[in-house]
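Note that subunit A is present in both complexes that follow, paired respectively with subunit B and with subunit C.
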Partner chain A sequence: MIDPGFFLEIIPKLLAGLPLTLELAGTSVLLGFGLALVLALAQQGERTYAVLPIRIFVAIFRGTPLLVQIFLIYYGLGQFRPALQSVGLWWLFREPYWCAIIALTLNTGAYGSEILRGAIRNVPRGLSEAALALGLNRFRTMRLVVLPLALRQALPAYSNEIILMVKGTSLASIITLTEVTGIAQELISQTYRAIEVFIAAGAIYLILNFLIVRGLTLLEARLTPYRQR
Partner chain B sequence: MTFRRLAAVAATFMTLLSAPLAGAADAPKEIKIATEGAYAPWNFTNAEGKLDGLEIELANDLCARMKIKCTIVAQNWDGLIPSLTVGKFDVIMASMFITPKRLETIDFTQPYAVDPSGFAVAKNSDLGKLGISKEKFKLEDEAASKAAIEKLKPLLKGKVVGVQSGTTNLDFLKKYFADTVEIREYKTTEQHDLDLAAGRVDALFAQQTALAATLAKPEFADYTIAGPGFVGGVFGLGTGAGLRKEDKALKDMFNKAIDAAIADGTIKRISEKWVHTDVTPVK
Partner chain C sequence: MLLEAAGVTLLLSVLGFFLGAVFGGLAAAGRLYSSKVPRGLASVYGTVFRGVPDLLSIYLFYYGGSIALTSIARLFGSQGFVGLPTLATGILTIGFISGAYQSEVYRGAYLAIDKGQFDAAKALALTRLQTLRLVIVPQLLRHAIPGLGNVWQLVLKDSALISVIGLVELMRQAQIGAGSTREPFLFYCAAAALYFAIAGLTDLVFNRAEANASRGIAHR
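Then we have the complex of A and B:
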């Protein structure tokens, strides 16, 4: 039943979806990191009017499945076309590609902000006090002392999040985007050979994530040479 | 774990995966029928959460004729044929057309319905102004169907057309309209209906009876079925019940029951109730 020739036939077809998978993952990880950083920093001031909305946003996006979020942003907001048209946002929500980017970005932004918030809090207080004592203002203390340390510490946890996002892109196939998983499902409906197709698709994600983990491990090693043995 | 033991485990798995399924040699007493449950009015989940529709009523009728106990379950369209072949259920009745490609993997009963496919578009669009046509083109009749397709092409140029993936409707679009329209694939027809209402797609391509059921809803008041219907060719021989190739006895039972349901007018009655037209196959 398992036929090596069949793998050679389907793998190139699956790889045709890889650029879209990478594009979705890359764009949402980058935008999501920006969002996460803003959200984490905005919570440093501990002002309720800033913190409370962020806590609610994070609770919603961490507490609901990504699949539901993608569905709601695409099919849910699709029902409010007149309202979206009147505020000039329909061009964005009309396209499945942008709906997927928005859902993935908001999701990873919520998770990422928690990772960064924890990392910032874990930077020893003495360091920022020392920086303040040297005459740095709060902004420069954050930028020059706290953030570099925090981002370095956050890297292992954040690499986890990046991998989750790469796998999360597979859900984009439900809103008509034919990335790797979407093509896999198409191939299954043409060949009815679910096992081989999903093994091949799984292997593509495995190799992709292996490369990402290697890259991030190298980056981590570069950033923390003192930990090398 | 040593490599040898690992290899042994892997080998066991491979055997399990490729183990031939016990084929039912005798006539079964009890079977499980799978449908999609998302293709109104053929098969869908009604307001009470129960499966309902033309094929559900027909399945119950056929089971009563065959004097066997049937359980009807819902399964994603994508997973119907793979699940049938691995034995999750015994029969597919999900408005599935009998095509040569599907016949490579599974077997079918004789058709119990023949239903043309066509486009649904906004009434004020180029194609919509044509309005609904009772014309039916057999794709085997190449000259006539090609002329009909060429007439549609300029009216659909550059439009986005929603279609369910893994269907013969998609095969049709890819074969005849790939150079004219942008094809967008959906998991269920309910999802492309939502996107037609939202204006993300300009047209739908599906079975005309299913489109008629969608367009009967109030939010589709400005939409219409337009142009002729297409049958045959990539659409195959019509809608049949899918079975595993080894279940010969079950296939004979179904064929006899379908013959009887055609002969006594049951299929005509059920189809007029659900799709307001007679889809009984002409022998």
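Then we have the complex of A and C:
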């Protein structure tokens, strides 16, 4: 029933989608991390005019499906084509590629900012008080004392978020990008062999996620040498 | 029109979530079992459905199910492609995916129960079934509720993906509306607002359940 020749035929086809999957995940995770950091830090000041809009942004992006966000950006903003053209941003929202990256970045930025905010809050207060007592200003306390500790603490939770993003890139196939899941769907409807295609495409994702988890565990071990036995 | 579709989303999510509780409970029991076969099966199930994009799992169930059904129909002399009923497929798929997540929640909750509880139940001469029903499950649920709340939020958002197999739930209805009125921004904003409202309201339910399950427990 299971035919090895068929796997040899579909695996290269599926792997052709891997660079796009990696590109979407890599770009949005990096940009999203930058956004998350900015949002988390901006909330440290506790000024309502900065905190409130961020809380609303985070709540919206965490409370609605990623697919709705992608559609809203790709199809929804397409409705404002003349306006976007006049401000010279139409090239960005015309391309499904950039729309997917924008949606994924905003989404992971919202989730990531909550992870980082929690990690910053969990840094013991005594440490930042000690830094202030040493005469460091607030900015340097954050940069030299609080952030290094917080980022290290946040790593396990953040690796979950990265895995979610890798899985999230599959939604880009719905707006016509042919990454791994998009190719898998085409192959299934051409060959009618859903189980084999699922196994092959699923294996690609599982191996990819395994490598990411492994890499981040190694990074965590490097950053916390005192915890090693 | 969108409200009616939101009802379908809610139905799909709730039934999928409860089906997932059955799969998740079985898988958690398998993981905690002493013999190797159920442990291996349950852990493969959990790893695969948590590690693979949910969209891919949806394609597996939809196309896989339809292909199986078509070949069965062939045996009875039917021609052509037989599609699966989309609501049933959606519930089954969500049940399978959320079951993988729920199994982790139940396993963690079981392991969080104090070992002394089992000894105490034995000392009271409760049978295994009585121990499970009267002692373990109530405490397990208390530990599991926060985790289940997270899985529920995930299920609700995943239900939007079921739109790709053509079930007219909230997301699909918004697409239809956007297509016929050429007002995609309006429709997707409305859909987002409805998802947001459902997520917020159901979150309150879980908070109430959590407070109810942990009454009489000292808070730190």
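Here are a few things to note about the model shown:
We adopt the following convention: the second predicted complex is superposed on the first by the 228 of 229 C-alpha atoms of A that agree within 3 Å, B and C clash if a C-alpha of one lies under 4 Å from a C-alpha of the other, contacts with A are read in each partner's own complex, and residues count from 1 in each chain.
We adopt the following convention: a contact is a pair of C-beta atoms (placed from the backbone, for glycine too) under 8 Å apart; a residue touches a chain by one contact, two chains touch by 3 or more.
Owing to the predicted nature of the structure, the values given are computational and were not obtained by experimental measurement.
Superposition model on subunit A: subunit B and subunit C are shown in a clashing arrangement.
When the two structures are aligned on the shared chain, A:R94 is found in touch with subunit B, with no touch to subunit C. When the two complexes are overlaid on their common chain A, residue A:L52 makes contact with neither subunit B nor subunit C. Of the two partner chains, both subunit B and subunit C are touched by A:I174.
Of the two partner chains placed by superposition, only subunit B is touched by A:R81; subunit C is not. More residues of subunit A are touched by C (comparison of subunit B with subunit C).
In the superposed model, A:I188 lies in contact with both subunit B and subunit C.
Of the two partner chains, subunit C is the only one touched by A:G202; subunit B is not. By the touch criterion stated above, A:A221 is placed in contact with neither subunit B nor subunit C.
Only one of the subunit C stretches 79-87, 97-105 or 115-123 carries C-alpha atoms that clash with subunit B in the superposed arrangement, namely 79-87. Put simply, subunit A uses residues 75, 78-79, 174, 185, 188-189, 192-195 to touch subunit B in one complex and subunit C in the other.
Those residues of subunit C lying in contact with subunit A across their complex are 47-48, 51-57, 59-60, 63-64, 67, 156-161, 163-164, 171, 174-175, 178, 182-185, 188-189, 191-192, 195-196, 199-200.
The touching residues of subunit A, counted against subunit B in their complex, run 1-2, 75, 78-79, 81, 94, 96, 174, 176, 178, 182, 185-186, 188-190, 192-195.
Listing the residues of subunit B that touch subunit A in their complex gives 14, 17-18, 77-79, 81-82, 85, 101, 105-106, 165-166, 184-187, 191, 194-195, 197-200. Residues of subunit A touching subunit C in their complex: 59-60, 63-69, 71-72, 75-80, 163, 166-171, 173-174, 181, 184-185, 188-189, 192-195, 198, 201-202, 205-206, 209-210.
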